[in-house]
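One structure, pasted below without further comment.
We call the chains A, B, C and D, going by the order they appear; numbering starts again at 1 in every chain.
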Amino acid sequence: MKDAASEQDARGITIQRVGVRDLHLPIMIREKRGANAHVLGLIDASVELPKTDRGTHMSRFVSILTQWAKKSVSMSEMEQMLRDIVGAFNSRAGSLKVGFTYFLDKRAPASGIESPLDYECRFEAEIEEGAYSFQLVVTVPVITLCPCSKEISERGAHNQRALLTVWLASEPGHIIWLEDLIPLLEAQGSCEIYPLLKRVDEKVITECSYDNPKFVEDVVRDAVLALRGLPGARRFIAECESIESIHNHVAYARAEGCRDATGEVH
Amino acid sequence: MKDAASEQDARGITIQRVGVRDLHLPIMIREKRGANAHVLGLIDASVELPKTDRGTHMSRFVSILTQWAKKSVSMSEMEQMLRDIVGAFNSRAGSLKVGFTYFLDKRAPASGIESPLDYECRFEAEIEEGAYSFQLVVTVPVITLCPCSKEISERGAHNQRALLTVWLASEPGHIIWLEDLIPLLEAQGSCEIYPLLKRVDEKVITECSYDNPKFVEDVVRDAVLALRGLPGARRFIAECESIESIHNHVAYARAEGCRDATGEVH
Amino acid sequence: MKDAASEQDARGITIQRVGVRDLHLPIMIREKRGANAHVLGLIDASVELPKTDRGTHMSRFVSILTQWAKKSVSMSEMEQMLRDIVGAFNSRAGSLKVGFTYFLDKRAPASGIESPLDYECRFEAEIEEGAYSFQLVVTVPVITLCPCSKEISERGAHNQRALLTVWLASEPGHIIWLEDLIPLLEAQGSCEIYPLLKRVDEKVITECSYDNPKFVEDVVRDAVLALRGLPGARRFIAECESIESIHNHVAYARAEGCRDATGEVH
Amino acid sequence: MKDAASEQDARGITIQRVGVRDLHLPIMIREKRGANAHVLGLIDASVELPKTDRGTHMSRFVSILTQWAKKSVSMSEMEQMLRDIVGAFNSRAGSLKVGFTYFLDKRAPASGIESPLDYECRFEAEIEEGAYSFQLVVTVPVITLCPCSKEISERGAHNQRALLTVWLASEPGHIIWLEDLIPLLEAQGSCEIYPLLKRVDEKVITECSYDNPKFVEDVVRDAVLALRGLPGARRFIAECESIESIHNHVAYARAEGCRDATGEVH
């Protein structure tokens, strides 16, 4: 049976990335406490294709990923998954992104009642010129209460749900657990949010956010300060998108940082 | 050239609707003041196919719609568009939905500064057993400020952007202008929202929403009351989705109404 | 602590539905073989609010649903979940929708290699005037190959991914397993699709779809015929959306059916 | 009236970008023939905020953009728009992205019948360290017919809609018209696609795509070759996403290029 993908190519153009995207697989994410979270994985996997080859064998991606879907995955396994992929294609470079919704139990501030909150997460691994790099992407929902609105108004202040997203490159060999990173980020808004709240909790959250007004600029600066103290963090970007209650558009800010506050990573 | 779509069908199953969806066309919506708004139309058009026919000629939908894209469209033209479609297929029934983003100029409450706000709108026409019906669908963004949060808290109150959507069936022959309907709906939240606000405006909006707390239940009931007074309105559904600032989910309510408060349309 | 939601309401307007939407919870779906699939649940839960009451206690929905998230759910448990909700609010009516992505292992037609394919599913339960009803919604991806294109062309035929969605109301007390319904629907396209295919499989699928051309009209009629033979099915709607490869829009058809081909359910 | 955004900030953290996103405005895009296309603009505008300042005055973005919404915009006006924004904030850096759906009339290959096809486009401007750069982003839908499927099958070949997206940085002062770029890209798939096709056209397209099989790898390489010949193009990335008809995931490839095939721009 002929194999059109294995033909030689005369156009002389390297393809930086070729692969599959929007592939859904049921996967297991290793939790900090050792158990597994069963999540819906949304996967993007690709490799570099040399200028001499016409095509890629796309089924190999699915074959390798399907095997991995039976194992527990954390930041550390991502390197082996991507090395398996890049190896199978005998390729110089490749990328692997695994997106999923993760849950952590939240305890309401006054009643102590528990409920699971959802966070959008993504593991992003890359091999370029043989070098491996990894990035963790997490989005946490928080409240932002506008300092300007509070300052100028005789009563009340506009507030809204906001999304704080962090892209975080970690030190090699260091696992940063979502269980540690997420609470750190949730603390940077005007107040945290929860699926389940009794009235005594709602009072606490309303007053907490009113007492702690923050612009999106404040949220990302405070996130950068907090991330500087996170062991294993190397470089990071913090972006906050606020679903403004007084507008039909979003306000956002983005700041970059690294572990060493003086500016460079050692 | 053979025509597979014109074949007879032996399965004996009527197809209630067959047609095209997600068709984008540049269209013109007639404004109340007589000019045209040039909008991006998202179109869904379909007809009934009798049990005896195997297929439909899909190109006829696009051909008719492309012709109409050159003319000014309001609620009234929708009937002719749909009759053209149903006629071209010699069909007993059909549907036509035209979705678009519409803009109205908003004047900020204190500074008077103007800016255009966007509203998601849809014209929905249907012919069934020869009878024509029409429904106008509009979504307007507003603020909702939580009465419970205000009541129980010593300071502040959580608030957020909310979307009030109305499905409105009108009296035959009566045009209900978006220019009339949208402001009516915007008045039903805790406060209206605007693209462009100076600080003097933000103060007004913050205090207005604090002074006017509303549950989603309040918003839809007030919308029903307001719609009862709208000339040409026949039956309507009002739904409010509030993008809760203290949760990562939405709170919503839906109420139905008709022109005659006693319960039935005359 | 005052309770604004418990106030009396003088507006005299019943609220048909009030509740939460876009609530994410990790839930367990009972599989036919008895094990549990851990899925990401997307939930919409609501009740009727009488005209005399101002508001609803939204936290009750989350509280009940969070409890249920620890149990195995199938079509049968949906009734108890919804009765728990309606009971907690002492309400006459209510709705519960649970959406999730479900996986079934597919075996490639020639190589026999296995891989899990994803299907969008939804359980929809409703209580109205005390009567319970249930609807299963499933979307399966298939290929459609155009009969017209094949007929008129000297070689080839345009084909594309299509989505066949079924809304199915079942007989009371009868469980229809996704494991039975999904393969039945997958058989109605020009050919089934798979995550993982070797070249020998790709040959089979290409030729199978070429030998089995179907309009969207054919797909929904054949789905109706197939569903008539499914034990426990009562009434159903089949809709097929074809992501046309020769257009930038979708072609679709929708047909309704019921268990008894003569037209009415006994 | 106090101004919280004008306060000094002690955290010492520069904010790379702060601004508004998902702002909808009705805008006018200058067509090559001199007329204006009225489009729905989706806007993202931001500036750098120095470490010494606490906040930004978000209303300035909306104020400037609202003014520009009354003027005709092409690639050249983007520089002035962004300079207006950066100047208003007295900032060192800033970004402006304007996304919109653009239409070009397509003439069916055999019947010659005309209909407008929609393309997703985006103008992206950036100022960094005083230097202005611009990028044009366009997505065109095409057909891809699989060379492997054709090769190994006795009849037929799977094909599907695919999206070819190009990010193109142009030479300063050189306008690249969408009217020139889009047809160039449409020619790189297995065949072009159209909203309106008669049967004689469908025959041409079916046979054309069958005679011209292309992997996503082929499409992006051919796009790079074609873009090298486009006057005013400087550097570009071509990505093709194929909505595989035989899978429920996407296959994609991405290649980079520049005007000078030997590797560097002069």
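General remarks:
Just so we're on the same page, contacts are C-beta pairs under 8 Å (C-beta built on N, C-alpha and C of every residue); 3 or more make two chains touch, one makes a residue touch a chain.
Being a predicted model, the structure only gives us computed values, none of them experimental.
For chain D, the chain with the farthest CA centroid is C.
In this structure, the chain pairs A-D and A-C differ in their number of contacting C-beta pairs, and the larger number is found at A-D. Averaged C-alpha coordinates put the centre of chain A at 35 Å from the centre of chain B.
Between the Cα centres of chain A and chain D there is a gap of 26 Å. Taking each chain's centre as the mean of its C-alpha atoms, chain A lies 30 Å from chain C. Shared contact sites, meaning residues of chain B that touch two or more other chains, fall at 1, 3, 23-24, 62, 118, 148, 152, 195, 197, 199, 203, 248-249. Contact topology of the protein chains: fully connected, every pair of chains touching.
Note for the complex: chain A touches chain D at residues 1-5, 9, 11-24, 46, 49, 54-56, 58, 62, 147-148, 150-152, 213, 215-218, 220-222, 224-225, 241, 248-257.
Interface residues of chain A, counted against chain C in their complex, comprise 1, 3, 23-26, 37-40, 59, 62-63, 66, 69, 101, 103, 113-116, 118, 195-200, 203. The touching residues of chain C, when paired with chain D in their complex, are 117-118, 141, 143, 145-146, 148-149, 152-161, 191, 193-195, 197, 199, 202-203, 205-207, 209-211, 243-249.
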